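Reviewing the structure listed below.
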């Protein structure tokens, strides 16, 4: 047998545009930095603690699961870290350590790994963690309660909870600018609206998240809230409050756009976003939960495979 | 009218028979592997549940109640439902083979489906009127079908995902169903 | 390699190469042996019409097998030195016939043009297969395929290649003669030429209607030309010929013209050579020349772990041996440095949708790939538009998860066809 | 109370009558099997199987869309009954098991570096796969992915391993394997599976006349799965104890390790596991297919007959062995001396075979005690003639029938009969004996003689030691035991003393001449070199052929047409089918080939069994397709092998010479478990062109 | 035809047989069942409401019709004098019906608290309505005459259980209902109670 | 294939333990296992019905025409279910209240019907009793196991007695509906891991 040089052989194509999962995940992390920094400034050391714990345990759980299923370690692609980071941003800074650890466990293992890892998950892993924690330890998510020891120079109020429990009169004083600049109570990373919008727009421009989903989501919120407001302005808050409080902006840019649980075709993306928006307002206005974002996205995640069946006819297809 | 709509929404979403009341789980897991099967099953349940709701309500109102035989509810309902389903199956098979192929084959599965039996018992327990019974039966069935179809959509994808071996099939199906049940929490308190 | 731009809001767009008129075409000299592939599996039991030691002349047309119509046009003069089996890409079995060239042998079959004109329809098919530029499984005249229009394409099949553009620019006369030849042979008289914008004026001289195709990849694929230019529907899983349109490379037409008029032997092929830096040059190579001869004459080094590709970057075929010959359908020879070879990963699809947005055939690639990974080819073909795919390779090009999507698709098409043929045979 | 009873009465009656009337009115024909299967299923309509209810499940089973064992609520019995309804009768319900036939070569060199879809099919589409090995496993596990029963896993060495308890024989793996190395076969198919020239076969397997999967059992020994190894051998060779002792192991001659080092001691390993089974005291269970009701007569209880009977019985035919000697075993009992193959070992082995349910008639001779006609008359559907080669060729020199002159087989068998107490005819032994011939029979004779206390024993052979056809080990053993070799001697005549008793042998000395066409230097007599050795006993063992004296029995009209060759062997139509010119008579072993190896006879027995099986099934008796018969795949025969670190071959323990020449106690001993394990590690696990290098 | 008849026959006999069995079981257990129902559903709540009673309200009970509904009333006496009256009403909770046992002090015409009887609310959240005495204690001493009770978010005076507005609302509805019933039936009740006063 | 009575009994405890091995009868498994107590109660009620109906079906198996056997099984099972219902009302009323609608729904529990059809209809009384008893006990055990996990994690207590102490924040998700599904799913996974050795 004569010796020959061995070449790398594969089927076409031989070019790749260089896009990587890893790049995407790290850029999303980059995009939340401003909002995250605002949260850390606002809440101080406890927030840093929660974030660090969340990110590290998320990576840890993924590594454990990789070992158990004897697959190559996937923590390098940054997805576990991203999951941990997004999860931490949705928590109040006072979250006890055991709740954070349980939460990341649920996110990474139940939410993602048991479905075969990234790409197999039919639901947004972060939201599964959030939802299960919210059901299990409701009290921990009472932001007003949680932040009682903080001293801020503005009205310490979680707008959506106030709306739910004390009626619209209690939040009339809040302006859009106040809300966007973070003068509201809320989770670590979700109160600084400017930061979130900036990050979201960056991601959209870079193509890491789809504008269709974010825009239709925000539109859905706006329109539904507007309809409610016009129907009964004494009971229901206007679109501005809904858009800029709670997890709305965070959800629009970082949660609803999670690849695996969202549609890929144009029209389905619009439907998907709008449906989440509508559902969010429905829960906030007539449901039991203070902030409907988590459950609304989960619910529409569920409908994603059905919605995504609306797709253009492929070339040459007979029917 | 408004009450009826509220009742319907309540039965479809809030008190979804599968995910909130835990009725009809065996076929839920069994028939949700393919979208086609799920759709067929959903249709069949709608059909049977409305019929069964009506007939059990009639049995209860005109025979069991007047004669104080309420303790025979279980046995009479199951007999009536089983006979009804079997009758419908035979009827469809003979007269409408096309419909039978799409829907009739699921009928035997429904005989022992606790969703049907359970919904009928709930109707009686909640003291619904005849019209309410029809609406609630229909809505329960729609709720069942909705959950089943949504689940099938998700499950079709899960079947193709790289689920770890011990979790495959039923195990992951149950966990997904749990998450779906959780997603249905979104409707809590809406009525 | 073209990297993704900073703004990722819209899908990337790839452009075909324009013809660089400043460059000249060098000829590659044949030194040792050349190899021809015959489209038939070789087994030792077959009775052969030729044997090692037989002499052939350049321009000789000869059959190899007793019981098969496969024919070879020898592009060189020399002595047959070997006949052996070769298993190619996609399990395709060939018979490789090696001819040792004779130095200084200027012995050429002068009657090639006559033979060609006299050839019967069935043997013409076989002969035409050896003309440069023909996609190997395209059959020239096939009663099963109701071809009524012929498109002469001055476009090239892949990025970086400009062979046909060069031909349109330089060999108008031959193309015209070729059209006459085709018309005579087939009776089809509906011709059009498709060319890029820059050649539209030149192409007018051919004398048939000229249509301009944009340079956006993959608009020049036969399927899309049939659909966009000819306005005919191409059914999924069928070829352009099934819709009555045959797309022929300008180079082939020119070779036919030259052969029929000047009795010129269609033994050489314009090849775009793409080196490791992505620089291209056009060369003219004798069909059958080993790739390493071409590369060494152009002083391109290939090392262990590099990749040698016959064809373009998105649709070519990687070869494992650099003694692989230049075939009639080898449009380009591309060498990729091992550092530049994109990594392929065993990720699962993350549903980002890039492939769906870039797919010119609107195939739901995100769903399709899930079925393909699980080997459910029937489902993929029935419900997820496997056969709508026009083989452009863009899905794999943009895949963030670095899944070899297009490899899966080609594999699936091949396996599906194979399984169904087996089933049909067993039924 | 009354209301309740009345109500239930009414309800029951109403439901019952409505349904029964409806079942008449709305009756629709359906495949009766559907109803039958539905009746067998649990009827819980639970949907657990994924079908809509039990009737849908039954429908699916009938239409072949589901397996009989689909019901999750029922037990195994149900699955069995469902299978029965589906017409999967006992015969074909034989377990089908998937097997990977490529056992080795994970270091096959690569043609290229593959980068692409990780699937065997994708890779094999690429110029036939990246490995140079043309047939072997690609190891990307398409079979694992396709198996819905989780029965296949990629083992430690990178090759698929089948968990037989989980395999249901769906053949999905077989279909998906691009290299056709995963095969799903029933036991019968496996038993009659002959080497094909497109199989991944190590050189040893290609050479072994019995086609034993040698690398497989060596691998099993390596994994200490000794019982598995026994089963692997027994799939091809029922006489593993005997073969482990007497086989001249042609496999070792071609062993790739022998090219650079010493060949793996294959036969010692075989003997080791065979002894392992025997020493355990229990026959490993051997499965047989359910009876087919066909009867086959096997004439001759030697290795060929036993092998043929064994395989026929295992695939379900009823077999009766007819043998002319008191005990079964044929030449290996009466031709091979005790010290090479102790009779108790043989006894144990034959017992294992007969335990399968094979009948046996002893002391009956074809042509005298029974005829083919009588067999046909008593309902036998086919006959196997494994009569061996019991007739010694004559030397054709003057005086060879003197007193004190014997022929080889005659001597050995008569002695054997006497030794085993089956005959009281003692052979008178002389003091100075010579044996003419250079084959194994000759060696057996001399080694027997020396054990009987003969003072001087000579071997007289026409050519030199190098040309002796006997096994080299045997020759060496004989040398050790003090046998005197007279080479290049052509016997001229036997000298007699006055009372007609032998007194010497006169022979002519020879020298080697020019090489002839075959390359051997022919011996040429030296004129006038007559020499005499003094003797009182002479044995001629120059070869033997079948004894076809039964043809003389003119009453057996059926046998009269049986064609024989000029060497008296039975002329088979095809050496691979072994069918004679009379369609229902098959042959094998020495009767077909002339005197040859035991293992050859065993392989012949199996070949004949396959043909008989085909014949009994009414199929055409043709050789196996693509058969690799007595040939080697050229590309698998190497001239050199790289990457080998010499490791010493396991030494066979033997009795000291002075001990062994005194008795008939077995001279060769079995190797220890430790050295068997060590030796098994020397195997290179060759596939067609690839092999495992030493790490 | 014969198998048809036998099929019908078997089915009929079997069901009649089962009817008989069930009827007899029912007969022998019916009294026990009724007592159990009272004991476990109503008794704890009644005991809590009519504290200090000297009689057994489970025995001193009567039924009255309110429209279609029949309501059981339990009478509490201290030393032979009727002091309180307890009865059950229902409201819609988070998950199905909530039963509320309401007591009325005959003398002061005020509520003497209430007790949740049946509920299927979320454990630890809505279920606090039953387990947290502070919640129902809010109704104590509210005059019967005063119309509807409402939770604070609805503009009423009852503090909702944290996180269980719906449940709280349901309890309020039940209490409101009780007051309405009492007011509607006041005359009949007084009539009845006279019989117990002796 | 003849198995001893013990074998018939034991197979229900592991080899064929319902909901885990035979994934059947899920509704009660999910719905009533908020606490161990409920689980055991439901299990016992089902066991009673299983044993009784198995006995009766195997006794009547020669009388019942195969064509209407399902209807007959249903009647027999329904009768025993009603008996259980009445008895529970009379003697264990609080448990009856907790189990609610799931008591009458035993009648449509696939396990009961499945055993009647798959076993009792083909076997004599004694093995059928053993089978019913074994499967019933297995069912009870698994209900109790799920109840145990859910109650312990979901409330931090067992039978109302705090186990983890006051510091434990109950993971209330487990006693919610979705918790039931996920808990059973994970337990099935563990069973698969253990069982496939």
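By written order: A, B, C, D, E and F. Residues from 1 in each chain.
By our rule, a contact is a pair of C-beta atoms (placed from the backbone, for glycine too) under 8 Å apart; a residue touches a chain by one contact, two chains touch by 3 or more.
Computed from a prediction, not measured in an experiment: that's the story for all the values here.
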item	value
Touching both chain A and chain E (chains)	B, D, F
Required steps from chain D to chain F (each step between touching chains, minimum)	1
Chain pair, E-F or A-B, that carries the greater number of C-beta contacts	A-B
Longest centre-to-centre distance from chain C, chain (CA-based)	E
Greatest separation from chain B - chain, by CA centre	D
Cα-centroid distance, chain B relative to chain D, in whole angstrom	63
Gap in Å, rounded to a whole number, between the CA centres of chain E and chain D	87
Centre-of-Cα separation between chain E and chain C, whole angstrom	86
Euclidean distance of C-alpha centroids - chain B vs chain F, Å	22
Residues of chain E engaged with two or more neighbouring chains	7, 10-11, 14-15, 18-19, 22, 26, 94, 166
Multi-chain contact sites of chain C, meaning residues that touch two or more partners	89, 305, 320-321, 341, 344, 346, 348, 374, 404, 407, 411
Residues of chain F touching at least two other chains	23-24, 67-68, 70-71, 75, 78-79, 82, 86, 110, 113, 170, 172, 176, 178, 182, 196
Contact footprint of chain A on chain B as seen in their complex	149-150, 153-154, 156-158, 161-164, 167, 172, 175-176, 179-180, 182-190
Chain A - residues contacting chain F, complex	98-99, 102, 110, 132-133, 135-138
For the chain A and chain B complex, residues of the former touching the latter	68-69, 110, 113-117, 119-120, 122-123, 128, 131-132, 135, 279, 282-283, 286-289, 292, 295-296, 298-299, 301-306
Residues on chain E engaged by chain F in the complex (per definition of touch)	3, 6-7, 10-11, 14-15, 18, 21-22, 25-26, 29, 32-33, 36-37, 39-41, 118, 122-124
Residue ranges of chain B in contact with chain C within the complex	157, 160-162
